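Comments concern the structure below.
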Amino acid sequence: MEYVLIIISAIFVNNIVLNQFLGICPFLGVSKKISTAIGMTGAVTFVMVIATIVTYLIQKLVLDPFGIAYLQTISFILIIAALVQLVEIILKKVSPPLYQALGVFLPLITTNCAILGVAIMTIQKDFNLVEAVVFAASTAIGFGLALVTFAGIREQLDLMDIPKGMKGTPIALVVAGLLALAFMGFSGIV
Amino acid sequence: MNVISITIITLASLGVAAAIILYFVAQKFKVFEDPRIDEVEEVLPAANCGGCGFPGCRAFAEALVKADDISDLNCPVGGADTMSKAASILGKKVQAAAPTVAVLKCNGTCESRPRLNHYDGAESCSIAASLYGGETGCSYGCLGMGECVDACQFNAMYMDKETGLPVIKEENCVSCGACVAACPKKIIEIRKQGPKNRRIYVACANKDKGGVAKKACSSACIACSKCMKACPFGAIIVHQNVAQINPETCRYCRKCTPECPTGAILEANFPPKKEKKELVKDKAE
Amino acid sequence: MNQWNNFSKGFFKENAVFTLLLGMCPTLGVTSSAINGLGMGLATAFVLTMSNIVIALIKDLIPDKVRIPSFIVVIATFVTIVEMLMQAYLPSLFESLGLFIPLIVVNCIVLGRAEAFASKNNAISSMLDGLGMGLGFAMALTILGTFREFLGSGKIFNMTIFPEDYGMLVFVLAPGAFIALGYLIAFINNMKKTA
Amino acid sequence: MLKTFSLGGVHPEENKFSAGQKIETLEIPEQVSVLVAQHIGGPAEVAVDKGDQVKVGQIIATAAGFVSTNIHSPVSGTVLKIDTIIDASGYRKKAIIIKTEGDEWEANIDRSETLVKEITATPQEIIRKITNAGIVGLGGATFPSHVKLSVPPGKKCEVLILNGVECEPYLTSDHQLMMEKGEEILVGTKILMKALNVDKAIIGIENNKKDAIEKMSELSKSYDGISIQPLKVQYPQGGEKQLIDACIGKQVPSGKLPIEVGAVVQNTGTVFAVYEAVQKNKPLFERVVTVTGKSVKKPSNFKARIGTPISQLIDAAGGLPEDTGKIIGGGPMMGKALTTTDIPVTKGSSGILIMPEEIAKRKPSQNCIRCAKCVSVCPMGLSPYLLMTVSEKSVWDRAEEEKIMDCIECGSCSFTCPSSRPLLDYIRLGKGTVGQIIRNRTNK
Amino acid sequence: MNTLTVSPSPHVHSGDSVKKNMYGVIIALLPALAASIFYFGIGAVVVTITSVLACVVFEYLIQKYLLKNKPSIFDGSAALTGLLLAFNLPTYLPIWIIIIGSLVAIGIGKMSFGGLGNNPFNPALVGRVFLLISFPVQMTTWPTPIISRLHYFGITPEILDATTGATPLSILKEGVSNGVANAEIMQQLPSLSELFFGLMGGSAGESAAAALILGGLYLLIKKIITWHIPVSIIGTVVIFTTLLKLIHPDLYAGPAFHLLTGGVLLGAIFMATDYVTSPMSHKGMLIFGIGIGVITVLIRIFGSFPEGVSFAILIMNGFVPLIDKYIKPKRFGEVIKTQKA
């Protein structure tokens, strides 16, 4: 039951993008097409889960025992940066079309605050390893849900005549706002 | 001391571990991509207009890098300047292509072409053209709904409300050919800019016989061949009931223009006629 | 003149938030009040300036291949310093900014400026660039924070303008952040077009 | 039980003003303009010269290739010239212009009205006669009939379906033909059944022609294997795929021909022409044309020679009304708006519809309100709103993905749109462009 | 003779128009409006007039001065948005809040996207939810029917206590969270027949089930809406709540109660069926409706908001583009393909 609560909370109630304001850059950047949004979700999920596991282990096995918790930020970001580069290299070889589609945003996963944010939140919330993994995965799914829904709306808006002043980022932000408004309905479920 | 050393050791070992893993993975999954593509793309205008015949500047850059001989490839937007830059990156030579500009091969204004019916379909030249010949008797001329203007990315065209025809702003035109592709009647031509930007061309595309064409439009080419006879350089031919001036052989003598009974031959950017007559007189004297 | 330009471009012409659309997460996340916006903006400005200086100084020592990780380490160091300082001297602000303080490290502007400017220019220019960009960012956050605080609770920097009952709570919450920023950017875009 | 097709459809006002009007034979015009392209496929090649004397029924242009047909002289007289004239497409097309002198027919044509029931010709002979007689689909599509009758190897025709639906509002030519020449149509059906080697034929007739259903049912009792299927009034039931679905409940797969489900569809008018060609040796040079409209004085059904200018038909129906705003060749849903009244009758002219000015003009187009009415009326199950938008924005790959090529251009979407959007205009444009893209791709 | 008009086919039109549809929905809302005025009196009138007027005026101003389009306020869509917004507001709401709601509905919900047809979210609901979150106190102060008929602007403060009450759903929610036994709560609630005729506290237009159903039938007969969305929403709510009732009869209220309260009918018949923000295919509509039903019940049972229809519709509005992209109408000729495969 606890896991269910974590999952529902991470996906709907405390949605990482719509409620926590993390991962906004890719949310606004890679959401022009549904297909790239799905690809990005995959990449983020992968990196997020792995990063959470590795940073969790580092925190528990290295930083805490040595009493150097203040190195959290530096060491976490190092690991994440390395991981992202790993994914980038592998993706470039294994699936060039996906690599092309995600383009510049793969390196940006490094600076995707959602990844680092989740890694830090896991430590703050004092999860055990399994909970951490569940939390990371469902947060990524929540990210994906918001991203893909958002991409769907943007794809549709692309075919419509949006007023000149609102085109591009402004209308995207308004849509995100309204989506967040709708998702507020889930508040209190957990 | 201890804290500092632990800090340093931890960070260093983390960094080293990451570096080693990355190095091996990078070796294993190496993908080669020609770095020159990026360099060439950098010098292209990034208009992605498709004027070069490729689906965007990146594709054109790839084509340039791959091609052994880039003399056929030309970026009309950037012109000779861009091409020479690109060529220098690739260490290849480029031939200067003559600058070109779009011209409209129709002078059927509202006045010269009486309207015979009223079009009530969707505002689109292509739709009207696939439906029928047009609101006037000329089924070759401009339909006047400005699809070419919409296609132009460079703000080089506008619709003249008086004449109902599009006007090309030469100073903005980069001759990318988007309007040519957009026009369902194919009455826009990419033509050599000519010396001092001067051009002589036939502003008509009507392939009907003279009588029919004349009835439909008072400024139509009626294929009377007078211009052909007047041309001392044989630059004019009449093909399918329309006169055509070959820009390669035309010497800009302007003898054909006054011969045309319907005024279908247009001159661009020449000094006013009077001056020219004086010049002729001067020479005669 | 050139140096002035390095400094001033961050305010309007290349404003990180309104023009370049970078650093969206803290922009939206912490601007529920003007003071939070200002605090976050200044913290970012500090990190940006310091890391720009350091990177400009050490840029020749770092091999090209590992420059990004090295930049990140430099940035992370300053972020940790800010974190510690704030925790010690401004505990209430630290509390309300929470997670977003360590997340300065992944703010796209910081790394973006390091990569685009500091790694190519000298220390003085880089410092001015970082300061300008950072203060521009702080300005944007303060504007947005003021806007949201005003609409949301009728206050500006905690000074009551109209009774809180009339405030639209939604502007303090997530949806209001997105919507307010959306219209702010639309407004600025239109200003730019007419200017 | 009334059957109908399974998806979509609309029911426009029927306005069959000319229903019940006996088919009148129109006076032979003084001069005819016979277009050489009156069918889908390559234009026929002109086989006469200026000054030649021709008889009624003489071939004046020969088929150029398999998908093409012969064209016969509709009058006797002298060929004045071969020139271009404006046709229904609004463009100038090549035509043979003949001045009428007398009414002398080719000798082998049987001009009597007697019914010839016995079918002596072999299947091969039947197809040859149909080919020679230049018969095309008379419902408006003008697809050469002999091509349709040539079942491709490996396929088997199981049922012949006759289209007596006439789902277009206003038009009544097929209806009247069934009322007056029912017996001939049934013999024609038998001929086609023999040619196709099938023993089952269904004549689909919409329920707004109760008299025709009764009459044909009565007559068909003496013809084996022919049954009448009354159908619910629903446009576009006359569409080939819709009619097959309505009559035998099978759906032709996307991009395939009716023979895929074992069906061949012919229009009743075409079947009558087949009867005349096979039993009477009479080639296709005249047809029944409805002239109708809200303000037309005398809505009528005429038997007119091909090449007659439509102005003559309009005059015979009481002249062009004062308030004319639009003249349509064909029905109001799929017909073509004409630019002049000098256009000649062709093999595909099923009717001339004269619309008053106030209903001829379209209402201004508004924003799409996504009411989904176009989706629910589309007989092909497409999303017209989306197809229009992607065509307008030139997103061709998306248009192809959304199966724009399945559109049958019935116009139900534009008809029903509350925002009066020109849906079909753009879809047709998109269909043309996507078709070109697909052809280019397959050619490569 | 006039110059002939030439246009592509078809040359006839059904005569249907945006106006007809919009006014059709407005007509269908009239019985509910009448019921609302009957129960809530002046308050209902004030709220409705303010909201409709404000929406129309805002739309006109935005079109004229910001978008510089030809104003199209007479197509009835702005008035409809205003009416629907009013139906979702308590009749005690101060005028300035109603005006803010109208501005949000029209300005943010609709005109930011370019006007009618472009908005992904239902404008009236955007306005409503915006207000609900911004002004939680005012938005949940419900007048008691009939007693409060003559009261607006707090004219008679001494009997104010008698004039405000909670909605049945909030009573239920409150009760459950305070651990009051179900039977006891039930006694405080209006009877089912009272619910059916709207004798309960609540938003202006959502109470009278009978009037809403009447309007729904009108829409169905006029073919302005199809049955898919309302039936799937109502069906899902009924099935879901029946199941819950069967599992825990003490904890949950039955399906009839859920159906007749908290705007399920208003949402199912009038809000979710909004053309612009609902899916295009019938299959899509069913999915959309089921989604709304499920989310509504989830929010009611587990969430912090007592009703939830508005949120559920808005959330599903967000999914409409995805539904439209992946759920296509049944294509002609598809049947055979699947049979073969």
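A, B, C, D and E are the chain letters, set down in written order, and residue numbers restart from 1 in every chain.
In this text, a contact is a pair of C-beta atoms (placed from the backbone, for glycine too) under 8 Å apart; a residue touches a chain by one contact, two chains touch by 3 or more.
This structure is a prediction, so every number in the text was calculated from the model and none was measured.
Undergrad: So which chains are sitting against chain A and chain D at once?
TA: B, E
Undergrad: Based on mean C-alpha positions, I'd like to know which chain lies farthest from chain D.
TA: Of all chains, C has its centre farthest from that of chain D.
Undergrad: Report the pair of chains linked by the most C-beta pairs in contact.
TA: D-E
Undergrad: Which one of the chains is farthest from chain E, going by Cα centres?
TA: Comparing chain centres, B lies farthest from chain E.
Undergrad: In angstrom, rounded to a whole number, how far apart do the mean CA points of chain A and chain B lie?
TA: So the centre of chain A lies 45 Å away from the centre of chain B.
Undergrad: Once you find the CA centre of chain A and the CA centre of chain E, what distance in Å lies between them?
TA: Their C-alpha centroids are separated by 33 Å.
Undergrad: Quick one: chain C and chain E, Cα centre-to-centre, how many Å?
TA: That gives a centre separation of 41 Å.
Undergrad: Let me have the rounded angstrom distance from the C-alpha centre of chain C over to the C-alpha centre of chain D, please.
TA: 70
Undergrad: Any chance you could list the residues of chain A touching two or more other chains?
TA: 71, 74, 78, 81-82, 160, 165-166, 171, 174, 178, 181, 184
Undergrad: Going by the contact rule already set, what residues in chain E reach two or more other chains?
TA: Answer for chain E, listing residues that touch two or more other chains: 4-8, 108, 114, 117-118, 130, 133, 324.
Undergrad: Tell me, which residues of chain B touch at least two other chains?
TA: 11, 15, 18-19, 116-117, 120-122, 127, 131-132
Undergrad: Name, in rising order, each residue of chain D that touches chain B in their complex.
TA: Interface residues on chain D, with respect to chain B: 84, 86, 89-92, 336-337, 339-340, 360-362, 365, 422, 425-426, 428-429, 432.
Undergrad: Would you mind writing out the residues of chain E in touch with chain C in their complex?
TA: Within the complex, chain E contacts chain C at residues 100, 108, 130, 133-136.
Undergrad: Note which residues of chain B are touching chain D in the complex, please.
TA: 116-117, 120-122, 124, 126-127, 130-134, 139, 208, 212
Undergrad: Which residues of chain E touch chain A in their complex?
TA: Going by the criterion above, the answer is residues 66-67, 108-109, 111-114, 117-118, 120-121, 126, 129-130, 133, 295, 298-299, 302-305, 308, 310-312, 314-315, 317-322, 324-325.
Undergrad: Which residues of chain B touch chain A once you look at their complex with the stated criterion?
TA: Residues in contact with chain A: 3, 6-7, 10-11, 14-15, 18-19, 21-22, 25-26, 29-31.
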